[in-house]
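Listed next: structures, encoded as structure tokens.
Look at the two complexes coming up: chain A is in both, with chain B in one and chain C in the other.
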Partner chain A sequence: MTATPRERDYDVVVVGAGLAGLVAAARAASEGARVGVVALASGNLGLWSGLVGGRPAGRRPAGTDRALEFFLDYALKAGLPYVGGSPDLRLFSPAGHVVQAVAAPATMAATLPARAARRRTGGDGRPPFETSGAGASGAAATAPAAVVVGFTELGDYPAPFIAETAGQEIGLRVIPRSLSLGPAAGRGQAPHLARLFDDPAWFASFLESASRFVGAEARSAAVVLFPPVLGFERFAENLKALRDALGAPVYELPAVPPSVPGQRFWRFWRHRLEADGRVQLHVGRRVTATRVAGGRCLWVEDGVARYRAAAYVLATGGVAGGGLEVDPGTFFRLSGGPGEGQPGALSGSLSAESGDEAPESRGGPAPAPREPLFGLATHGKGTDWLTWGVRVDGEGRPRPARPGDGRAGSRALANVFAAGWVLGCGRGRPTGAYLSIESGHLAGTLAAGLAGSGPGAAGGGARPDE
Partner chain B sequence: MTGGPRVRRRSRPGGVRWLEASEVLLDCADVVVIGGGATGVGLLWDLVLRGLDVVLVEQAGLGSGTSGAFHGLLHSGARYAGTDPRTAAECLAENRILRRVARSFVKDTGGVFVRLEEDDPEWERRWRDGCQQAGLRPRRVVAAELLTRQPSLSSRIAAAYRVPDAAVDGFGLLWSMVWAAAEAGARVYFRTRVTGLLTDEAGVRGVRVVGLGGREEDAAREAAEGRVPRVEPGEITASVVVNATGPWARDTAALGGAAQAAAVPVRRDKGTMVVFNSRLVTTVVNRLRPPGDGDIFVPHGPVTILGTTSAVDDGPGRPSPTPGEVERILDQGRALVPNLDDAAPLRAYAGVRPLLVTAAEGGGSPGSTGGGVPGARGADAAGRGAGRGFLLVDHGEGGLPGLVTIAGGKFTTFRAMAAAAGDLVTRLLGKRAACRTAEVGIPRLGRHPRSRPAGPRPGPGPSDLGGPLVCECELVNLSSLLSLFDAGLGLADARRLARVGMGACQAVFCASRLTAALWMAGWPGTRSRPRADEGAIRAEVAAFGEARGGGTRVVEWGSQARLSAVAQALDQLTLGRPAGADADRGRKVVRE
Partner chain C sequence: MSNRGFAPLLPDACVGCSACVTACPVAAADGTFAGPKVLGPALSRRLPGGWPGEPGLTPEDAEALGASRCLQCHQCDLACPSGLSVSDQVRRAKELAGALPRGAWDRFTGRLLADQERFGRLIAATAGARRLARWLGAGLGHRAESAALKALGLSASRSVPAPVRWNLAGWVAATRDPVAERRRPPVLLYAGCHARFYDPAVGRAAVSVLRRAGYRVIVPAQVCCGAPARSQGVEDLAARAAAANVRLLSHASERLGGDVPIVSPCPSCTLALRRAIPELAPGRTAESLAESTWDLGEFLTSPARPAVAAAARRLPAELARERWVYHAPCHLRALGVGRPFPELLQTLGLGQPLDPGPRGDGCCGMGGPTGLTRDGHPRSLADGAPVLEVYRSLAAEPTGETSEHGRRPVALSDCPACRWQIADASGLPTAHPVEFLAKALERAD
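Presenting the complex of A and B:
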């Protein structure tokens, strides 16, 4: 029953392959570490719209954000270019509202028409808009500033509604155009449509009808926005073909899940990491056991193999990703209290079956006690699952469940770093994709440094967290 | 269903619609029924079948009070056999009738009563005696045989009996009665509050009403806070006004004066239930012991409902489930289904029962009591303590002719209550028309494409089989949803009628599609008269989500916590809505 599992040795092991895990793995590998990624699946990437938002105001002086620079650079290498950095982008949200984003896929990085832009003030090197020549008053009434193209089969993308909201937001005329894709669209699921757009023959016929039905308005519009389903692989070519055919700047809008841009990210970054040679991905594996001794993590195991490394990155996701679990019973103490939770009410998945005892009795009748290893904190008002996460020290190492448990300072384990939503987001803290990129970058840097393959753990990316 | 209802057609077309806040309604009828719950709707159907002209007014939505938050259980009566054999007998009789006339709304799951080893055997004897009195013949089941059919039950079964309990689709039943009545000329107004009674020297001759418009949640909240829109009230004149406002019957009777309120000794009793995302049992399972908190499991389609608690409700408005109640229900439920924690709870909800109060408890009312009213079957239940019998009051005996109150009772006996009230109303009108609800079948909405009431008919028709799905959990397609909106209904109504957002995702993933559907429907107008208003649409979707959230927050653990976290991420990170007041308001409910 206790056959010795295969042993695998790395410098750094990353648990979880969502945004934070992939960034941490890429960063550690770029620092020269040999990296193993153990993950059940692609995390919440299928839910991610692709936009990078959530950097708190004033967090970094523009242009000195190393995490973001690394991300943009690696994304370009992965063949999925992102635009961003400085200044922040103004984009439409999936509901048509104007939102600020730190970065966005190049396919979405449209410059929104604004009244100022109509006066031909090209700000940051982007070309000014072609407003059809006439005076602002007369032309603005007839020529739409933007065209929101929808597909009637894609129920999650209500083009008329988005156009209405968007028009109110920017104070200009935004018109919807709905195209039907016919029986080929199936039940109109976004991934199905993306596969359809990857078919060059089908796309050629689509292009012809699109230019016929959208062409007239498109040519006079400052921007034409399509649902983000223009292919998993061929989206760049498709976008270019649409721009040529319509004679207008064509971009994708972010959308609600299931999100094709998030799945593109998974495909492209995974391929790039595997091509790197320094990273091995073990996907479809759930970490079921860990060994902790002497204030360090010794190995993690997934039932197939045992992974040893000098440092570990815990990028398992928050409550949404399944990295934190909420038990019945304990929940009531959480919400019934004055706002602060009690330690152990949520249990980190790494701690679920760990402890100082080796869980060699796995499979026996008595499950290992669910002794929490890490302390938890709420970074908001304590009312919101996104704000719950593990407490960490200034370098992203989880703190112990009970104060004073740590053997070295205030950290629970010397060689474990946490990244992504497992940290929880909250007011004044990074949220969403930016949280994953920043903390993944930091964890990757420090883990590689600990493994002795990088420039050292005292890397400049460190930031005080609490 | 022979020939359908034979009724006189009115020149005025019947219909179902909202009343906007700006509208002044003027209508007249033989009878005005106040309250759109099972009792009111049952009475509407009863009176329409008697050939009367009826108007029903409801301040929120159909079945938005007690009838929208019950267990979904068609009692065999066995539940009451140990405490109240008379109610038990009444339930049994009604159970048999409804199985006949409302066949398509009753899912014959059957039911069992299970006594566990730790339960008192003396109660079992008392219960069997009660069943005997009520005319029930519970069949003994061998424990081992029961366990092969219901493997999730505890193996510590001391005794088990089979009874004719069943699951009932309350929303479908009410909607079908409303639409059948509307087809026959009755008018049904939602978001319409009665602000006063029209009286003259002969007594009550109608009601004053104002339209509330807007969202059902707002209407309910405003009612709870006692706020009345300042508009010119409309009037509905009628010879008889029937107060069928269930737990709030006393407040409604108070419109006729303190003496009339005292004649309606009803108090509110809160019950909380938990919905699980799977069919834990395939038959109704009751625990054979004195009725307690978490001892009935009712399988309903893909889910199971466990409940229910009982506590005095003295707050205004609709009650919310509390974590303590949910914990108590789960504790009790685990005795019957030991692996209860393996099933994910979807949400919890709470309703209020109208309980009849004893004379002592009621404070010795000086006004008329229901005791002397002929036809008030079960009225003396009020004398036996808080019972589940019902009360029929002819306020004419207390000095206010033309006002009738029907209160108390339970969903299973709604038809009998309506029949008793209908007899009284017919007599007061000086007409002769017998009750026909025990014979005429209730046509299921959407299956009888005959003539239609004003406006399109809701429910999926034959041409609606295609079209994209809006709600993937409950398989609701766009065209059927649009036809509901065209009929002037909102999301809360669509939820009850088409079960939108009631499935596993609890409206987390379909919110954007609902938004689009409302847009396409020209909300708050209709497709034929569109006046799409972004603010109103957002408010409607937000209110819908909030109403769902109130029930999911008290069961947020395991997969439900993950779903909530995803919902928050969608709202705050993807759609860019701020972590708003909605979430905070919902949480406060939890802390109470």
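Presenting the complex of A and C:
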């Protein structure tokens, strides 16, 4: 007698719970599919600033970017509104540089003061924010365009450095202001500060001292920027209170990890996905095996349970970023140039057991020899590993590896769709968060379609098996 | 080699990204806690068994960094992009902090609380005395209980479970139907200390649902899973419990033909059986027990699903109106089985789920028996503050017949510690989801 097999059946199984995986799961679920997400962790969301960048210029005409529209809609539903679409936003990066973003959390979507505006405003050569003050020219000369507020306890957030860079970038006066949060800040770790900001009583006292401290100068500034730790949950209320108290537009700046906005995203999207009841998250599970036969994926396994679905989304993260395991020796050869495109480079977490559908041998004496599952392609000429991704067809279906065959001729897996960084990126292609959103949306749509769970076939909830 | 799907100990794979820190409920609540990154991978070279030549971490260092504050909720493990078992490393620091010299009485009470088998028996043994004290007068009973709790280093403002009058294993044996059950597939119910010592109703509900799904339920001899001991850093007690359970459960399984599914309504027990016991009592037997162990919700929604769905065909309409709010325990998340019960209840159309929102969807702060202690109780309220605030506001909603909502919602959670915390903090009625399901199925008959 063998142990009862631990199997789960879904319409769509998404491997990976980073941005691409969550977008794919949300999309497939909104198309009526029952979705299982199997993931080691929350991808790089803990490192993510929250900004969505990486859409190539002219990629989508304004208003027709369905992936982005879906993302903005779902983010609103999840309680974490994003602002974006068209035109691109101009925002400060964590280092104070001006960057383009397709979308940003509503807490960060500041309108930056710009020199272009100065040229539009008048010919006297003075920035509008300095001339449009209270009218007193003496005070106007010192009014800053932006105030970058830092917290003394938050060592990872160098407000003076950010302000200096930002000022050079926009050619206007940007000043730093440093506030102490007092003994409650403890070791000054970002998550702890975010929790402090979620405490209404503590925030009331903070608000008082903040408006006293940055008040006078903030009132004349075009924008006041705070570190992105204004609460895990109460960030919207807190921002509104700060705006009212300071009488100026207040926003968060993106920051380096540990990133509260990334953690917010994980919490809010995870909650929305689970609360809808159509998505089960299996997090902390490393996919260790899969079975591919007849050009289709039959199941994936995490060492404990086996997950079956009509369609699979491969959202495992970058080829060399830990998403797909790469044999170190082979990887160095791969990035060294000669031998690039060698499909044998991939092994490990998503390699397949060789052989056809054979009797199950879990817990058996020796694991079957493992063979690389996917072919690799590069989207750039160089040896930059970011350009490497799995070889896919036009709909994002990975093509299997054939040892010794580097050409893109072999048939793609019929029910697998790749999304996110596993695709790699390159010049003229989407990158970063936008790559994850666009490809996650496409993969979720196609996977749900293949599972026959489009809007018409939605049925009612999970089917209680036969 | 398969690590049963759980993360390995490879501290060098830590890139210092701090994802674990953002996921840690204690690091968020307590500014003095150094957090999982520092206490785990960063210091692991200086822990016993770490790199040779590195200066060893002293118990005082570990304590100063707040090691004993770790709740062993495992949320750091789920956040780590490198797939590290951060919590295992933090547990070693916690163990080290536990080696600080303490008074004899403190050491005794600390070990007693870590040893739920002894603690549970103590609670059970005093049941008669507690009943007598209550009978003599509510005030007297309360005073006597408070004094006893204080002496044991426990919080006197925690609710104490009412004395239990019946024994789960005895009830199961008395109510079985030997003739009908002969051909049914057997299931071993690992009830857990809470169901055995404090609240057998959860165990009874699990038995009731499993029997309706066509299983023969056996409650085998068992001891505490050792999770409370291990999470307090009392490794020797945990190892002893693991060895005993391996012996008892494998014996029970073999008598029934081997590889019998072991099902537990408690996610912490399930996690211990699947993950900790094979580490503490290594060997093929423990591995195969781990493979046979199921979370109750996982079992009911996976192999037993068709039978449960069939049993739930004629559900009484009045239950469809009952409102519930589900709290996912940290250890259920750590099992990676999804959230089986809310999905099952929703699919069966049982009651109306309320959404606690992202704020109410986190750690309740209890941390197992830690939240029962005098120092641990206020800390647990701080760690779980956002979640508990949501449950308090749910409890404060207007109730009674005049309210549009009707009755107060019931807070459902698989974990006894979470239920205890939510009930104490909010006053909401709480239940294990299987109790809700059992009530529905019993009325459907």
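Heads up, the rule we're going with is that the second predicted complex is superposed on the first by the 377 of 466 C-alpha atoms of A that agree within 3 Å, B and C clash if a C-alpha of one lies under 4 Å from a C-alpha of the other, contacts with A are read in each partner's own complex, and residues count from 1 in each chain.
Operating definition for what follows: a contact is a pair of C-beta atoms (placed from the backbone, for glycine too) under 8 Å apart; a residue touches a chain by one contact, two chains touch by 3 or more.
Fair warning: this is a prediction, and the values are worked out from it, not measured in the lab.
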- Side-by-side fit of chain B and chain C on chain A, or clash: fit
- Based on the superposed arrangement, let me know which partner A:Ala245 touches: chain B (first), chain C (second), both, or neither? neither
- Partner, of chain C and chain B, that touches more residues belonging to chain A: C
- First, second, both or neither for A:Asp198, with chain B first and chain C second: second
- Applying the touch criterion given at the start, work out whether A:Thr288 contacts chain B, chain C, both or neither, answering first, second, both or neither. second
- Once the structures are superposed on A, label A:Leu207 by its partner contacts, choosing first (chain B), second (chain C), both or neither. neither
- Message: Just checking: does A:Gly46 make contact with chain B only, chain C only, both, or neither of them? Give me first, second, both or neither.
- Response: second
- Given the touch rule stated above, what does A:Pro257 touch, chain B (first), chain C (second), both, or neither? both
- Task: Could you look at A:Glu233 and tell me whether it touches chain B, chain C, both or neither (first, second, both, neither)?
- Result: second
- Does the superposition put A:Thr431 against chain B (first), chain C (second), both, or neither? first
- Message: Once both structures sit on chain A, report the angle chain B, chain A, chain C from C-alpha centres, rounded to the nearest 10 degrees.
- Response: 90
- Task: Please work out whether A:Gly155 is in contact with chain B alone, chain C alone, both, or neither, and reply first, second, both or neither.
- Result: first
- Minimum Cα separation, chain C to chain B, after superposition on A (Å): 5
- Which chain A residues come up in both lists, the one for chain B and the one for chain C? 44, 47, 187-188, 257, 322
- Within their complex, chain B touches chain A through residues 323-324, 327, 330, 341, 468-470, 478, 509, 512-513, 515-516, 519-520, 532, 534, 537, 553, 556-558, 561-562, 564-566, 568-570, 572-577, 579, 583-584, 587, 590-591
- In the complex with chain B, residue positions of chain A that touch it: 44, 47-49, 51, 53-54, 93-95, 97, 99, 153, 155-158, 160-161, 164-165, 168, 187-188, 254, 256-257, 318-320, 322, 325-332, 335-336, 380-381, 383-386, 431-433
- Which of the residues in chain A come into contact with chain C in the complex? 1-8, 36, 40-47, 78-79, 184-192, 194-196, 198-199, 232-233, 257-260, 262-263, 267-268, 270-272, 274-275, 277, 280-286, 288, 302-305, 317, 322, 363, 461-462, 464-466
- Task: Give every residue of chain C touching chain A within the complex, in rising order.
- Result: 2-7, 17-24, 27-35, 74, 77-83, 257-259, 261, 274, 288, 291-292, 294, 298, 302-303, 305-306, 308-309, 328, 333-334, 336-340, 342-343, 346-347, 353, 355, 357-359, 361-362, 385-386
